[in-house]
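Two complexes come next, and they have one chain in common, chain A, joined by chain B in the first and chain C in the second.
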Partner chain A sequence: MSEMKKIKNLKEFSTSADRFEGANLLCPGCAHSIIVREVLNATNDDMVLSASTGCLEVCTAVYPYTSWDASWIHIGFENGSTAVAGAESMYKALKNKGRLKQPERNPKFVSFAGDGASYDIGFQWISGCMERGHNIMHVVLDNEVYANTGGQRSSSTPIGSSATTSPAGRVSYGEKKNKKDMVAIMAAHGIPYSAQVAPNKWKDMVKKIQHGFSVDGPVFINAVSPCTTEWKFDPKDTMHLTDLSTDTLVFPLYEIIDGHELNITYRPKNVIPVEEYLAAQGRFKHLFKDEYKYLIKEWQERVDANWAYLQRREEARV
Partner chain B sequence: MAKKGWDEFEIGAMLRTFDGKIDDIAGTRQEDRAYSQNSSYTASVADWRLIKPIFNKDYCIDCQFCWIYCPDVSIISRDKKLIGVDMDHCKGCGICVEVCPTNPKSLLMFPEQADEETEIANWPKKDEEEA
Partner chain C sequence: MAFDKMELRDIEVWDGNFAAAQAMRQCQIDVVAAYPITPSTPIVEGYAKFLADGYVEGEFVMVESEHAAMSGCIGAAAAGGRVATATSSQGFALMVETLYQASGMRLPIVLNVVNRALAAPLNVNGDHSDMYLGRDSGWIQFDAYCPQDAYDLNFIAFKVSEDHDVRLPCMVHQDGFLTSHTAQGVHTLTDDQGYGFVGEFKPMNDMLDFEHPVTHGVQTEEDWHFEHKARQHNDLMTKVMPKIQAAFDDFEKLSGRKYNIVEKYDMDDADVCVVCMGTSVETAREVATEMRAQGIKAGVVGIRVIRPFPFFEIREALKDIKAIAALDRSSPGGTVGMLFNEIAGSLYNSDSKALLSGYVYGLGGRDLTKANLVALFKELQANVDAGKVTTPLQQFIGVRGPKLAYL
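Entry: the complex of A and B
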């Protein structure tokens, strides 16, 4: 195995030569690219990448341009994970046959996909990759909505969020179904590593990505990706929203090793009320009307219960 | 090589990010890479901006928060020092200004037509209330 890139602090990290380029067409302030940069810069090894259909793919491969300085493939919405798994299988086969031209290079196989492509449409494909034990990493850019097609709800959309297919209005408070717990579902495949990350906690993220690269077998990463367009906040506030997501514990940061051993990796010093997270986004604006205020209380109770659950699991070491 | 229009490529043509061979991309700085005309690095989104960041190095502590959180690879850092903003790729989101911890900030947003020298000469003073 090649040596792990040393990243002691942010100054040292900033000497990385990016392999993701600007003048892509992502919205100003889009968190997808912040996440991609942190993942790519976590290693100096060669990379074989895929993107499933969605904002990241559409905006970084606008003919005749590519924003990727690495092998990159896009096939469809559902099969970014299997595309990379196929490349990884071929790589393994060539290696076993001694036919690699540069066997000393140690490429990393990473699939990027949205929550729509991961929680819904590519779900069985990802599950297959996890089950078959490919040496790949699947990274979800979780903006909790089908952003690229105008904001339809996905099974990652949280309760009370207004989406174009579950709009808030006179008769509805928006999305009514609970967000799917993908990290737990993926961990249940018994994979060596699954984790939730957030780009504001770059050190935690880089550590998890590097750990993911070091294990043998499939890795699942869920990254919170605040979407200025669909969550409805000012582009300059992307990092503020990310801070709110981790410090309200709406997006707790943790990892699950070998499918069962759960470690919480970030404990906010001051836990912020969930209400502040909701208030910062247009998609939850209607929850502040008198008739829907009970939902804010329920939100807090759900987040508290989840945090208690994660802590119990961490303590139990099961 | 003359730049080809989007409709001038042959169907099925292979488009590469770099002209010629590159062995160690992660070990080669952007300025030393031979980007082909198919890398978006050679394109510009400068005309997206209504406001732009101006960098004042007098207050900068080189913490690199702006470097890590810029979505558009537009904060140019070399040898652990911030040396400027890539105005071809900056979309004017303002994240770099928000995350800059100095007082006064070392990056501020101005209208696109603002003059850098003038703005740096008139840079706001330390905000005592915030300190």
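Entry: the complex of A and C
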């Protein structure tokens, strides 16, 4: 059995030996690197990692350099989950055959992918991995847009957001469709653990990642990753945006055990109006025109309804 | 976990699919990630049954698509172990993206391709469209003509692919239904002989070696991409053929069965010959023998290794031939057939004065009859007699309606 890493405080956590190096090409203020470090620092065990094509991948493994001091693979846009599932299958095979070079190790298999690579193009591959019960964790770095290619909408892009393929314009308020509820879809596979996390709530995140590593079977994690470039906010405000996302309940933090038992893991003491979250980002700027203000009201109603739903699910214990 | 060995008779009656499944079992593959598709499905089913009966000790992952099958194979191969799968046609087409990724990442994987036509129109029968689709993917491609070849070439494929000087994935092709579903006598290796030939898998750059973390599948742009691709091509052009020849030699010592990079039949004194692949090779050999009784000195060249293409061996095999027919079982889509092109490329700038003509045949499983080949050999002889190609350079044979001919 692997030993659970004990973390006392943020300083100790942030100074853990880095297996994801700061030498990378991600934008200043990008939340991806914060999330990745939080996931990797949650364990001392060895790791087999993948990244699907996207910001994380193109910014961390540009030949002849690598930011990864752990086994890492990238194949394509859609198949990062399956890459890690293949490696996990090989681990099982070699373990059974007694051919592991370091049989005493307890490696963790984690795939990182953006929302485009998870909600859209990689959806089938992730579903397959979840259904087959691989001992892997899939982490979505959810910035709600195809950021690597310049800000096209994905099925994670929320209503009213201006993306380059759903731009706000003279007669349009931008994206018309609501965000896909990926955590629920993944939980519906009956997997042992799925959760939503945010990098500002690092203790909550580490607890969930560690729980994910402790269960037998596939784990799905959706991490909100504010994107300074596409959400259009100052790079120094990443954590502020993350705080707004969790404390407005736009990104509520919760977990679903065994596909059904839902627990809310963070209840803001002071719930902030959604309007403040929207106002902090250039991608929603046009919503503050008079003709679109009704959308801000609808946003608040939607977030309230979702929060009420999550609470009912939690109370019902089903 | 343990597994049982299987007692085989010296000669078993197997179709090409089961022969390939048996070879996979004997090679003791660590991970098979697969998805079923006609006509290769029985390979995957056969392997699954071996697993269910305790004859296999690896992981068998039934994924949700062929793209995922090859993706899983890539992840497993990068982790460090023996990996194989099988597919056909549309499944092969769906895999194409990952085929390039597998070879570019220099991962040894064996892919059994049971050749089948590509839609549209949808068709489950054998032609070489899928095989041709893979020809620029940087894989090594072997071609089996019968179930025996499908069995033997799997062992050779693992041996070559996993060689540390090669580290390139390898396809073993066989004709859909004609080979895959036609039972014939297959001379077997014992389990110990088969596994002994391929040997224990020796990992390289394996992700499961945690003392040596490795980054697979990096980004390169205009600064390094060309060098990576050029090195891969260089290894295909310079390192692979000697390894294949060595594997053929070792296999002959083990089994008594001799494979050649190009398979020559009655070529020593031939005036005319056809160059073809798959089951057509056996048909052409039979007809060539019959043509000799009619006074036409006919020979046959079968391509055994499609990639890397055997330019020098083809040039040597065809150097004294007066008229050559290149038979392509794939619609060339607006140009000459692949074999026509490769043979022309092999002979150009050589001393050969051969007359070369191309034939497209057998699409979607249409039979290539002996009568087709008799007529073809007669056309070649007519070319020899006239001292020029008397037909259009490209003809379709066996297709209904008015004769189709181009160029």
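FYI, the second predicted complex is superposed on the first by the 314 of 318 C-alpha atoms of A that agree within 3 Å, B and C clash if a C-alpha of one lies under 4 Å from a C-alpha of the other, contacts with A are read in each partner's own complex, and residues count from 1 in each chain.
Definition applied: a residue touches a chain if its C-beta (ideal position, glycine included) is under 8 Å from a C-beta of that chain, and two chains touch if they have at least 3 such contacts.
Computed from a prediction, not measured in an experiment: that's the story for all the values here.
In the superposition on chain A, A:100 makes contact with chain C only, while chain B stays out of contact range.
Of the two partner chains placed by superposition, A:316 touches none, neither chain B nor chain C. Contact with neither chain B nor chain C is seen for A:271 once the two complexes are overlaid on the shared chain.
Touch criterion not met for A:305: it reaches neither chain B nor chain C. By the touch criterion stated above, A:18 is placed in contact with chain B alone, chain C being left untouched. In the superposition on chain A, contact of A:69 is made with both chain B and chain C. In the overlay built on the shared chain, the residue A:30 is in contact with chain B alone; chain C does not reach it. Legend: residue contacts after superposition of the two complexes on their common chain; A:84 is shown touching chain C, with no touch to chain B. Contacts of chain A with chain B, set against its contacts with chain C after fitting on chain A, overlap at residues 62-64, 66, 68-70.
Listing the residues of chain A that touch chain C in their complex gives 46, 48, 50, 57-58, 61-64, 66, 68-76, 78-79, 82-87, 89-94, 96-97, 99-102, 105, 107, 124-125, 127-128, 131-132.
Within the complex formed with chain A, the chain B residues making contact are 4, 6, 9, 15, 17-18, 25-30, 33, 37-45, 48, 62-65, 67-74, 77-80, 86, 88-95, 97-99, 109. The touching residues of chain C, counted against chain A in their complex, run 1, 30-31, 33, 57-59, 61-65, 67-68, 71-81, 83, 97-98, 101, 105, 206-211, 213-221, 224, 228. Within the complex, the chain A residues that touch chain B are 10-26, 28-34, 37-38, 43-45, 60, 62-70, 199-200, 202, 234-240.
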